[in-house]
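Two complexes are shown next, each including subunit A; its partner changes from subunit B in the first to subunit C in the second.
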Partner chain A sequence: MFGFVVRRLLTSVLVLFLASILVYVSVAALGDPLAELRSNPRTPRSVIEAKRRELNLDKPIPVRYGIWLKDFVGGDMGRDLKGREIQPRLVRALGLTLRLAILSTILAVFLAMVVGVYSAVRQYSISDYAFTFTGFLFLSMPVFWLAALLKEFGALRINRLFGERIVYTVGDSSPNLTGSFWHRMGDYAGHLALPTLALALVSFAAWSRYQRATMLDVLNSDYVRLARAKGIKNSRVLIRHALRNALIPLTTVVAIDIGAVFAGAVITESVFGWSAMGRLFINGVKDNDTNTLLAFMMVTGVFVILFNLLADVLYGVLDPRIRV
Partner chain B sequence: MKFNSLGTRLLVLTFTLALVAAACGGDDESNNEAGSSTTATTLPKEEVPEGGTVTYASDQEPTGWNPLTGNDSLAALTFLGVLVYPATFDTSPDFRIVMNKDLLTSAEQTSDDPQTIEYKINPEATWNDGTKVTGKDFIYNWKMQNNKQDTELGEGDPEDENAAEGTVPDVASTTGYEDIESVEGEADAVTVTFATPYADWQGLFGPIMPAHVLKDIKGWNDGLDTTKIPKFSAGPFQFDKYEPEKSVTLVPNESFWGEKAKVDEIVVRFGLEAPALPQAFENTEIDLLAQLKDIPEIKSQVNFGLSFEHIDFNLLNPLLADKAVRQAIAYGLDREALVARTVKQFDERAEVLNNRLWLNNQEEYEDHGGEYAKADTAKAESTLETAGYAKGGDGIYAKDGKKLSFRISTTGGNKLREDTEAVIQDQLKAVGIDIKIANVEGSDVFDKFFPESGDFKDADYDIALFAWVGTPFTASSNVSLYVPGGGQNETSYVNEEVGTLFKEAVTSTDRAEVVAKTNQIDEVLWEDLPSIPLYQKPTLLPARDTVLNVVDNASTYGPLWNAATWGVKKQ
Partner chain C sequence: MPDDETAPDAAPASTLGSPERGVTTAAVNDGQAPTGPDREFTVESRSQSKMVLRRFLQHRAAVSSGVILLLVILLALLGGRFWKYTYSEFTPDFSAGPSLEHPMGTDGPGHDNFAQVLRGAQKSVQIALTVALVSTTTGTLIGAFAGYYRGLLDNILMRFTDLFLVIPPLIFFALLGNKFAGSGWLALALCLAAISWTSIARVVRGVFLSLREKEYVEAARALGANDRRIIFRHLLPNAIGPIIVNATITVAVAILVETSLSYLGLGVQSPDTSLGRLISDNQQAASTRPWLFYFPGLFIIIIALTVNFLGDGLRDAFDPTQRRVRA
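Moving on to the complex of A and B:
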């Protein structure tokens, strides 16, 4: 197992390195980052030239990549086209994305487990059909639509009911937030509620279907029949024998999906006005900003690789047959 | 009933989102029901209540805090800067240039030759650290923007391509400042003498940055990056807290000597995109938006700003170089019908624009293109036939085997512009001119009009459709559009008469003469037709009616310009 992990990590470093070259070259070839400055006829030539030199745009792309790589290895992610340091922006964005991703994943996994198991145990019952319908509804509903519904019913109407603003529709917290610990916690929670729910419902929809299918598989297997035949209590059969095994595939799916979540949920962040990883990426693309995009890619790349590796390792740990 | 109202709301939201997704880069409008506009809730000064917070959603975050640098000269900062940094002259909502009486007691041109301006600074004018606003500030601002080396401020030679890093001042524009011979007077009387006369001198020294804070080139270039939000102010507000990517808060400048602001704070929020705004507005999380896009659920003030839509011809295209073809296009277009089918949906007051230098609601406006306002197909056809063109079997005119078939290009995804193209295509088909739509998504289309090489021979378009954003300083801001060598003369238009008239207008010190010359230029442009103006664009300002005295300033000043007079109505 140790050798496997080391091999995978080494390959990942190579993959990241190659990906960084690809991203750098393709973004650098996309267009002139100084186009906006050039389009203002009042900007003197000397200013444009100074900026070109400052951003190393007067050097060939391989040299620029080399400079970037040297800085990156030295722990410096550089500055964006407007001269702002990228590292603090990335750290802030990642912090927000983590907050959103972790909470929504916990919620989604919990809901998916409960609903998946219940649906499998009560297969073809009215409640199974109801959960199936709900699952497909969330799966097929565009996130921005779901967000609009959540804002209408989960924020505006609730706030009207209480006569004060408890749930917020935009941002991760109120500007200039001060006050007691509980006041601040309340504000964070009021801002977190809707985007967490929106993300969780979408993931839950897919995962609960998955959980239901694997649970059904397990429930129909010989060893569960054997356990029942031995007269073991139903709840013990369900939890100790069936659920534990049915969780293995879900664990790996969640681990793989989570890696992608760290790249940011672009639409959810945009609809709820969160300046997290998705926004960082969009702005990088809009501005044709190599440094921002590379920083984004390296960090999300690392997360995706780590969680994929974790999925593989977990699979091995949870299912002894894999190790044989 | 409730379901219906939600359904409608969601439909509208989807529509808004679709438009926003399509906009990306180009400025954008959506259809709006006529009549959803509103007027400002205004109250006299003494009746405006004290206190309250106004939350304003800006569509961009400032990239730094010096609005005079090329790096930071975005509308996002300009809009806030008018409350903090003083300017010698302000632009009123009706585009008049008004002396800032808080900063100056007088500003007069005392001599024509050499052009000399004397400013008298209001003795009360002080930065909020107690330092007086003086001629030293004028001298510093001039030296930073005059495109000449001022070694005492640490500047390198702007002509030297290898000037050391950080020694070239980052400036958005040197226009006007480079024409100044000297700025004298370090106290409250400042004399500015021009080497070359400059008609739009009232556009200079606004905003003014404090010399005693920024000191030299380092302070100018790097002294006000995003991490160093300025606390200085000589306006009614000053910057207070800044949370990157989230908000900046402005609070009243307690030491301001003019009209004191009534609200407690203005919170400017960033990063909120159009789909998030209607419900945030309804949930009272925001009160006011800087939104180029219309949000149908929020009542908006509609004004007509300084930008206008137009079509430009690439005169390097051999067929479009033929004036008869351009005339036929102008006769073939029914611009009144075009306005009715597009921009009139926003506001009934929209009308055809018949001047390229002055807009419909400016008092200097003269109608020079009335001849072409409505379609005259017969005249279009006879113009082409006289010039030797003949209609082919497909109904399209041709000469020497070359068909009158042109591409029209604009910012793809902009619904209003795409509608405009479709109308133009239909109208010109009736004349016998084939128009093919060749859009490029978003603002990337500008690379086709303004090639990276800077040589318009590399421009890749036939007819361009986009908007020019004007300033009240018409002469100096339009030179580069119509004179060879001007960075924005993408039609490759050459007419010596226009060049001479511009030179006279820009250097004239007589306002009436400037107006006359610029109108004369437009007449020549109607004669030559390198472009055809279509209509003045409406601006929208969605605002909560509990915020009193909000009046949009559709010039470059934006919605916050009079925030010192705002109040928040108690619920």
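Moving on to the complex of A and C:
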């Protein structure tokens, strides 16, 4: 097991390295970071030249990549186009995005398990069809539309229902937030509720379909029939025998989809006006900012790799047949 | 990781079998019904495509989805010509709600919203169909050659797709979209296709890897068939199920990606419009003039939903192991 993990980590570092080259070269070759400066005809030539030299744009792309790589290995993410340190902003943004991504993943996995298992047990019942349709509906819904729907229509209703502002629609927390610990936590939760729900519903759709298929597979297997033939109670067969095995494949699917969850988080954040990874990313793309985009890519890449590795290790723990 | 190379992508509602289970049985007689005077029975034999069609027609949700999708696509592509308002026309009704005159209402300057939505849908559908066509063709060819010949091409392909497992494709979609979308919908479509062919290539490669070891390939080679004939006449028809299913799913994915990019301002640029842009432009008005926000979203959902149901029906139809319907 240990050797497997080490081997996987080494190949992952290689893949990340290649990915960083690919992203760096495409950003550097596709866009001009000085476009905004140039678009103003009154910017003096000397200013543009100075900025060009400051950003090393006068050097060829491989040299620039080398500089970036040296800094990155030394633990320095560099500065963005405006000359601000990327690292502290990235850490703050990552904290916010992780809060959203992790909570919505947990919620989505829980919902997917319950709904998937329920529709498998009651296959072809009305509720199964209803859940199937709901799953397909969320699968076909753009996350930004769902998020905007919750924001524009859901929030209003919920707040009116409770008679006070429970859920918020803009930002990750109220500005100048002070007060007791619980007050602050409540404020965070109020800001988190709708984005989390939007993101969770979209990922839940695919996962519940998957969970249903696995559970059906297990329920039709011989050992479940044997368990029933032995006279074990139905609830015990379902929970102890079937469910435990049916949960295993979902771990892999969730881990593989973590990149998609990140992408969904980027879009959801932009609907709710969060200043987190999504804003960093979108501004990076619009400004052709190599350093910011590379920082974004490395962080998400590391998470995707870690989650995939975790899934493989978990799979081995949960399913003795495929232990490496 | 369990051997997922041969499994169809972790798409929703996948039957958990590997695709080759589904396609080999019907292939051996290649759909040639014995005809001629020495036929013993009056029973008509069914070719593979007939069985697939029969199974598909039994799937009512998929058939009706297919019909609705076809109508919506026709409406999107041609509807703008026959509607009484054009998208740029100012009508005297400002911010009017849905009525007989304006079934989807009007916006602030008085544009007819139905005309706007038709135009947005036209662009979105054009983009989605182009992406599906281009990425399926490219992905199938590359996947087929990689799976059949293995070796260097296969290695390069797999490392390349590995990259896309690590980097969220959104990064490239956004980069390319931001750069090229200004030059029109076709450029954007080609950019999206340039990234999304990898997933279909993986699937086709997986199918080919397992099919190339089958006896009938060996038999074909013994009969003197060359590589080209084996790939295109023997292997490709047997991989057609996963390919068609994936092409369908690609349409749904492409429409969601395009609208998301356009929503973020990285896709279709004005003066062009798309369903995503319409939503993004009208979001501020959502609570006061909800029709501007609802209808473009509804169009996206109808297209993606029917495509997904269609894909589901096709998946079942191409999979002989599923016994719900006798073929």
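Heads up, the rule we're going with is that the second predicted complex is superposed on the first by the 314 of 324 C-alpha atoms of A that agree within 3 Å, B and C clash if a C-alpha of one lies under 4 Å from a C-alpha of the other, contacts with A are read in each partner's own complex, and residues count from 1 in each chain.
In this section, a contact is a pair of C-beta atoms (placed from the backbone, for glycine too) under 8 Å apart; a residue touches a chain by one contact, two chains touch by 3 or more.
Predicted model, so just to flag it, every value in this text is computed and none were measured.
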Touching partner for A:F272 - first (subunit B), second (subunit C), both, neither: first
First, second, both or neither for A:R89, with subunit B first and subunit C second: first
Partner chain in contact with A:L107 - subunit B first, subunit C second, else both or neither: neither
Touched partner set for A:Y168, first subunit B, second subunit C, both or neither: first
First (subunit B), second (subunit C), both or neither touched by A:V47: first
Which of subunit B and subunit C A:L57 touches, first, second, both or neither: neither
Which superposed partner A:K286 touches (first subunit B, second subunit C, both, neither): both
Partner chain(s) touched by A:W145 [first = subunit B, second = subunit C, both, neither]: both
Partner chain in contact with A:L69 - subunit B first, subunit C second, else both or neither: neither
Intersection of the subunit A residues that touch subunit B with those that touch subunit C: 31, 144-145, 148-149, 152, 156, 270, 286
Subunit B - residues contacting subunit A, complex: 6, 9-10, 13-14, 17, 24-25, 55, 63-64, 70-73, 147, 158-159, 161, 163, 165, 168-175, 225-227, 241, 243-247, 249, 267, 269-273, 275-276, 279-280, 282-286, 444, 446-447, 450, 452, 454, 480, 486-488
Contact set on subunit A toward subunit B in their complex: 31-32, 35, 37-44, 46-51, 53-54, 82-85, 88-89, 92-93, 144-145, 148-149, 151-152, 155-156, 159, 165, 168-172, 175-176, 270-275, 279, 286
Subunit A partner contacts - residues on subunit C that touch it in the complex: 1-2, 4, 10-16, 159, 162-163, 165-172, 174-176, 178-179, 252, 256, 259-260, 263-266, 276, 279-280, 283, 286-287, 290, 293, 297, 300-301, 303-305, 307-309, 312
Contact set on subunit A toward subunit C in their complex: 12, 15-16, 18-19, 22-23, 26-27, 30-31, 132, 135-137, 139-145, 148-149, 152-153, 156, 205-206, 209-210, 212-214, 217, 252-253, 256-257, 259-260, 262-263, 266-267, 270, 281-282, 285-286, 293, 296-297, 300-301, 304-305, 308, 311-312, 315, 322
